[in-house]
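Across the two complexes that follow, subunit A remains constant while its partner is subunit B and subsequently subunit C.
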Partner chain A sequence: MANPNKKKIVLPVAPDTEAHGPVKHLYSKKVKLPYGVPGHNLTEMEREVSIDEPPALPINEKLNVLGKRTKRVDAIYKVTGAAKYTADIQLPGMLFGKFLRSPHPHAIIKSLDVSAARRYPGVRAVHVLLMEPGGSVERDSGHDAPAETYNMDQLPRLRYVGQPIAAVAAESQYIANEAVKLIKVEYETKPFVLELDKARKKGAPIVFEEVIEDGGNEGDVGVKAADEQKGNLRGPTTGSFLGGPRGDVEKGFAEADFVLEKEYRTQVQTHCCLETHGVVADWQPDLLTVYASTQNTAGVRDDLAELFGLPKSKVRVITEYMGGGFGSKFGAGHFGVMATMLSKKAGRPVKLMLDREEEHLSAGNRPNSHQMLKMGFRNDGKITAIDLTSYGTAGVGLGAGVGRVAQDMYECPNFRTAQYDVFTHAGPGAAFRAPGNVQGVFALEQMIDEAAERLGMDPVKYRDLIDKHEVRKIQRMKGAEAFGWKYKKPGSDPGPIKRGFGMAQGHWTRFINLNSSATVRINKDGSVAIMSSVQDIGTGTKTILAQVVAEELGLMAEDITVKIGDTLYPDGPGSGGSVTAGSITPAVRNAAYKAKMELLGQVAGAWDVELSDLDMKNGEVFSKTDSSKKMSFGEATKKMRTNQVMATASRPDDYGGFEIGNGIGYGRLGSVQFAEVLVDTETGFIKVERVVAAHSCGRPLNPLQVESQINGGVIMGIGYALYEDRILDLNTGYQVNANLEQYKLPYSKEIPQIETVLIEHYGAFSSTDASGIGEPANIPTAGAIANAVYNAIGVRLYELPLTPQKVLAALGVS
Partner chain B sequence: MKNDSKERSPEKKKQGVSRRAFLRGAGMTTAGTVALASGMLSFKPAEPAPAKTALMGPGETEVSLTVNGQQRTLWIEPRTTLADALREHLHLTGTKVVCDRGSCSACTVWVDGTPVNSCMTLAVDVDGREVTTVEGLAKDGELHPVQEAFIEHDASMCGFCTPGMVMSCAGLLERNPNPSLDDVKLATSGNLCRCGTYPKVFDATLAAAKKMK
Partner chain C sequence: MNSPTHYCRFLRGKNAYGTVEGGDKPFLNFDPATTTYWCLRTMGPVGPDGQPAHLSNCGNTKRKCFAAPEVEKES
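Then we have the complex of A and B:
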């Protein structure tokens, strides 16, 4: 049975090369597509594509809707409170669920008695998990007379504070909250280990005696086959889908004129989605309907279908609006499985939303890291060797690697990495906005700056020398210009408050999810709808889909109805790995094109003209040769023979094929950010004053929304750099700041002036040539701030978050 | 901590002190008062709560209030917060509950025109008073200028913080038609947005202020 806590389709890190080769076409055609960056190196690229592909789109400047700042189509529902999120769903007869969770970081349940909870007035169902953490698998199904008490052989070991044990469903949330406390549990506590360094030591309490078969792919790099699990250590992983070690690192160091060797540490960060994880599950004999706050409706459906032995056609998952996920909301989750179980038992819908504390404890986090980075440099700036060892803990989960930036961002013939996962008795990690790479950049980009200083070079110019990425070069240039970049001598300000400038860069692989399909439906009354299970997690997916169809049909975005986030429609991709825009928009455009051709064919018949003579633009259908033949889109649709024309399309292979297997596209999404900070050397406080963020995401579909995404990435990066830190009480294993007032986040007063620089970059990859931006926007921020802080005070900080205490310690102030 | 004495209410168990009891003493709290630097909640009581002489609870008690211009009478348990009364009893789910303890302002509504955190306000304490929620901000089918500007400037992303943001920003413009950027920051200083809409919230609010002139 699958583990429902396993986050699925976060990153297609294991491309399935054997299973599918590139798709073959009976008929193909050649199209010329824009290629490169307008104003720099724009040319055309000829690609051979399927005959079914729509014509090439010109660059944004020549389009009507795409590339234009377009209002979010659902903003009106958000600003008026009409948008219904999972947390807002109220169904007739709905019950409320509440979990009982482990109060101990490591314990055995000696006995468990639910009888008092079951008898509590208003309680309608109780369910006890009989599987290991996360494996909330239906094991006591078929208990017609469910057990009242359980013995220790039946119950899973508890491995973190907050691990779900059981739950009740009751007539109100108050009743559920009270009843769950009546579950009697006798615990036998065991020794536990919370700290990364201690968990690695000999004699540390072991988190998993057994080898964990589950690969776990929450993070990025750092998960290794089960046979490499020793004690709490798992790994090392020595490569990624981009390859393994290369060259000879020792030889590289021998050839270096100087070698830098440093240790860096990053903290555990929690996602803090405003809407907590949760579902409303409604088990009916003919259909299980689940409203879920998820980044992947199709994934939740697949999990529940598998776990409950239902055909996928009998599970419907709906996510109309969702209040943030940032990587943590994939799969049915223990709450999804539990709510479904309770609904099945009670015969009524059950709402089970985590509370804020549960959210921190059990719903995922960005693992911490301890990175040992060693790099060799020649006096001409060339990097001769990179050696990176890392340890990180995702608690009872896996995926605490530090990504691929060291492997892939700069030219270097000799590279080696060893990335270890370390198990601890803490809540499981989950994918978190550019997993791995955010941690990796904090180390790598500080070391690159150190080398630049050693070489007496400006950090921007030094990167121009060692970074061969074309687009990033333009980003550095444009970003530096917007920022007014001028190298300043570190720590050179007089007075106690010092200003500093810094920059850092990152990259993200172009992931494509080929399982991305959509239907476009044109109705006789002239209305148009898009349907797909893909969800809008706040990034603006609904709006860009409307824009894509509007562009194709010569309409405006607001003319299009977007029905997404429902598994009754064709499967869309999960929204993680920044795959959504690049995966679903070509499918939607291709479906719109097919539907358009169908409609035009019917109009051509009615007008008795050639199909090739017709086109659509500015709300009209017209003949290209006879200007008398013209009518509005709405009139044209009245000519349809049937009440609607509909077409479904799926994401084709990248034009020109994939770099690796299916789903990893050529080209990296580069990003460069510049930061200006003020550091008060008397109090240690750091204030970020200004950030310039230079990014590219292929063809930007809606610059207004891209800007918002970049702002969001930067602000989250500021939180990571300066404030956020999950703090566990070492005596109890309990998170002391499992709330939103002591877990520090950036609020309005911490927001700097943010300027975005958007580079249009055409790669001729698909019929929209769009890519995602969510993750790239978050990658370089903490690195840029760290470099700026160094520039301000002349002392480097190697550990996140950069708190006043650490600043003062680094300055030797006590 | 989690499994201590049975006689205490669930709220007491969770936080050591009874938050709801404390609320009653503190009266209502003004939204937008969480200071990151100190991590402290500062409570600025609004009008003193109307004195209730009779003992209430634990059963349901009658509360009547005006919500978005409509007179509503509810039978609710005295421990019910205004947020829950609005969401669960009146099905006005525009108001969001995110932290349920005064640290995010997602639940901001106006009581007699003043923004308050509705999760920190007992419904019985607003008996006889006037409540405006995000659903009631538009008048006669016309959006409030702040709502218009939020749409125009893309100040909502996932949108979960948006109702609270809108109520804080519109509340600011009601009392200060000519705010500076710092005023907007202060008015939203308790509003958490994890998606990072802040820069656009600032732009939108300043633009709305201009328009309202």
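Then we have the complex of A and C:
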């Protein structure tokens, strides 16, 4: 739970303490909360909290609704097709948009003429992206004289295939698709570079020729950004919120009994959201309404309000159902801004959904990496030094680092890292489920296994020795037990098909978004509703919110109406970084508690009893001291003076405060996964037979949904380990597999038996004590599979994906 | 209004914590190595002047596309 290196690192300045400061309470109280892992070290922790906080919840086994395997409240709508995703939205008079995108990886647009497209029957608006201040908003707001032609000074330099240039809106998708082809463009192509290694070399085509630097670049947590750029190389970044270098790495290597030094490579992975990125934008004089496939409704609203100069109250963003984002669906996006622009021009709603090819080319990706990892070990197993250098490309974007697992997962007094970005002429990267950490674990966890073998130790036992994370220790124990872990000598199976066992573990910071609010409304007819802009991105947020309120009010989850994903309601958090459950559920519980107290107060008045004498459970309101005084929840609400009682609450600070600033909580989310593989040494084919995934996410609010999330994380990890790989044509810059046929995801026959071991862990952090699971579920999978493949064949693979070709090459089979 | 910063109000970033915005909000630069940046005006990782959108570039008042923070438009 504790950071093993905490005493040895210098934490940066707290983020926004000066701006916001910790919340002060006029009145506080002390509560005792469950703390630890039931069956292992469960005890109580006393916390001083605001007087407004609800009573402590006991552990799950003592609850009625929370912690129970509960079917999704919206499952029926999903399986019957009644659920409306953004792509399903149809509005009266709606137009359809289509982008013109760059066909070249590097080019200048010498001229552009939209006149033919504008004249095409059925076209209602055309918009061209202009590279000048205010370029993405309309300068000719009256549309009196829309420009037909543009010159090269106004137009963007094209730096990747798929870069948006312009778009049209038309009466049908077919018309839009045809019309966009009529935009005449004269390109002057330029030299380009696509490969990480070549882009680093002297003389490589330069992606950004001139960079303007400035002063203060430390943000508000005091972390220095990587601002040095030479050619296409930018960086290095040497620190993060966990601090910078520590100790003396060279001294640490000198003290080591042996040193391991290896290079690892990971590929570019695209998000492959089954629902592509897109919006339906409806610009009306009094309100801009945007139906968005987004992980952050409030963020899209804020972006559009900022860009179009609108008050936030005049922008409404709705995400009722959403089909996957994995980090790539934050912000309005180029499609969101373009659809809004086209709607404003046409005076009609515009739907602009990316197609699958556009999704691959321009909607983000997990950057690749080339990692050089060097670690020193003593013969007693202790790690004396870690030195990690990485290069990665997020195409024309930045953020290709490899995370903080090497810095933070194991105790080591001497650490340094240098993480470089390399620009290439390829589509920009985007946050992707545990950014950096998935790449980092692939390297780190293989090296830990190598060290264990060198030490003659079982990999699980070796991690028990060097990993001080208490919950992960339990995960290893329980996971190994479920897996039937028994160390097997690498490559020892006879015959061509060899079985292997491997494991790896992960580490994720517990982030909390304090801008998380919700309203709970109890109506006189006994119905109850939750309202927040927080969105359910497919993880089951609607269901856990219903469970939280049901538990508080003594009802069942199906009794609660969940109205979320709409910025008309109080702001909820964006859903990324595994923040949602830990951020919004305490706000919802606290709002439910306030509304409950209001209702009970009115009942207490009617019965002439003390408020503290009343409670709710099993659909009843009752006196705790007089068994004659009870009534159903519905009867109680009929006694309300008004038609409803409502309460709104926001996420309070963590009980006990934050480790860093206002949002980085104490306690890391650990994860451990075990994999069993079969490797055919004649064909190189790898089959993952079984995965046991041991995880914790604080209080599991709905184990059924947690398991579902873990299944998804493991499947995504298998795709990353074995199949997925964005392949660019080195002659044209095109992605040759920009589809879901040649870009292979795991399908049913590649999905193994997945067994989940869920550790219930209480940290006494909030009124629900829940945390997220999205990131932890995905971090260790590829590392575990790589270690299992080594165990099967006795030869280690250092580059993802682990293809048959690489297996055969490693085995020396031609 | 929060304490003003000098980052362009059209700068956006996404890191493990969530979305961070330029302008008058604190810019939470938790981990620059894994943070992606983009410019709201161009809808991409490049500003209107063709330079990368990044924390170290977008606080530069000399940059012709720099837009100073404004008070939030809440009504």
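Please note the rule applied: the second predicted complex is superposed on the first by the 769 of 814 C-alpha atoms of A that agree within 3 Å, B and C clash if a C-alpha of one lies under 4 Å from a C-alpha of the other, contacts with A are read in each partner's own complex, and residues count from 1 in each chain.
Throughout what follows, a residue touches a chain if its C-beta (ideal position, glycine included) is under 8 Å from a C-beta of that chain, and two chains touch if they have at least 3 such contacts.
Everything quoted here is computed from the prediction, not taken from an experiment.
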Subunit B versus subunit C as contact partner of A:Ala75, first or second or both or neither: first
Which of subunit B and subunit C A:Asp248 touches, first, second, both or neither: neither
First, second, both or neither for A:Asn177, with subunit B first and subunit C second: first
Subunit B versus subunit C as contact partner of A:Phe511, first or second or both or neither: second
Touched partner set for A:Glu799, first subunit B, second subunit C, both or neither: neither
Subunit B versus subunit C as contact partner of A:Thr539, first or second or both or neither: first
Which superposed partner A:Gln742 touches (first subunit B, second subunit C, both, neither): first
Per-residue contact with subunit A, leading partner among subunit C and subunit B: C
Partner chain in contact with A:Ala83 - subunit B first, subunit C second, else both or neither: first
Common interface positions of subunit A, toward subunit B and toward subunit C: none
Residues of subunit A that touch subunit C when the two form their complex: 15-16, 18-20, 129, 131-137, 156-157, 159, 163-164, 208, 210-221, 223-227, 235, 237, 240-241, 296, 299, 302-303, 305-307, 309-314, 327, 330-334, 337-338, 364, 394, 396-404, 419, 421, 428-431, 434-436, 509, 511, 513, 573-574, 576-577, 579, 661, 663-664, 775
Subunit A partner contacts - residues on subunit C that touch it in the complex: 2-3, 5-6, 9-10, 12, 14-21, 23, 26-38, 40-46, 48-52, 54-57, 59-65, 67, 72-75
In the complex, subunit B residues that touch subunit A: 1-3, 6, 10, 13-14, 34, 36, 39, 41, 77, 79, 87-88, 91-104, 106, 133-135, 137-138, 143, 147, 150-152, 154, 156-163, 166, 184-186, 188-202
Partner subunit B, residues of subunit A touching it in the complex: 71-72, 74-85, 87-88, 90, 101, 103, 174, 177-178, 181, 185, 271-275, 321-324, 326, 355-357, 537-540, 704-705, 707-709, 711-716, 723, 732, 734, 739-742, 744-751, 753-754
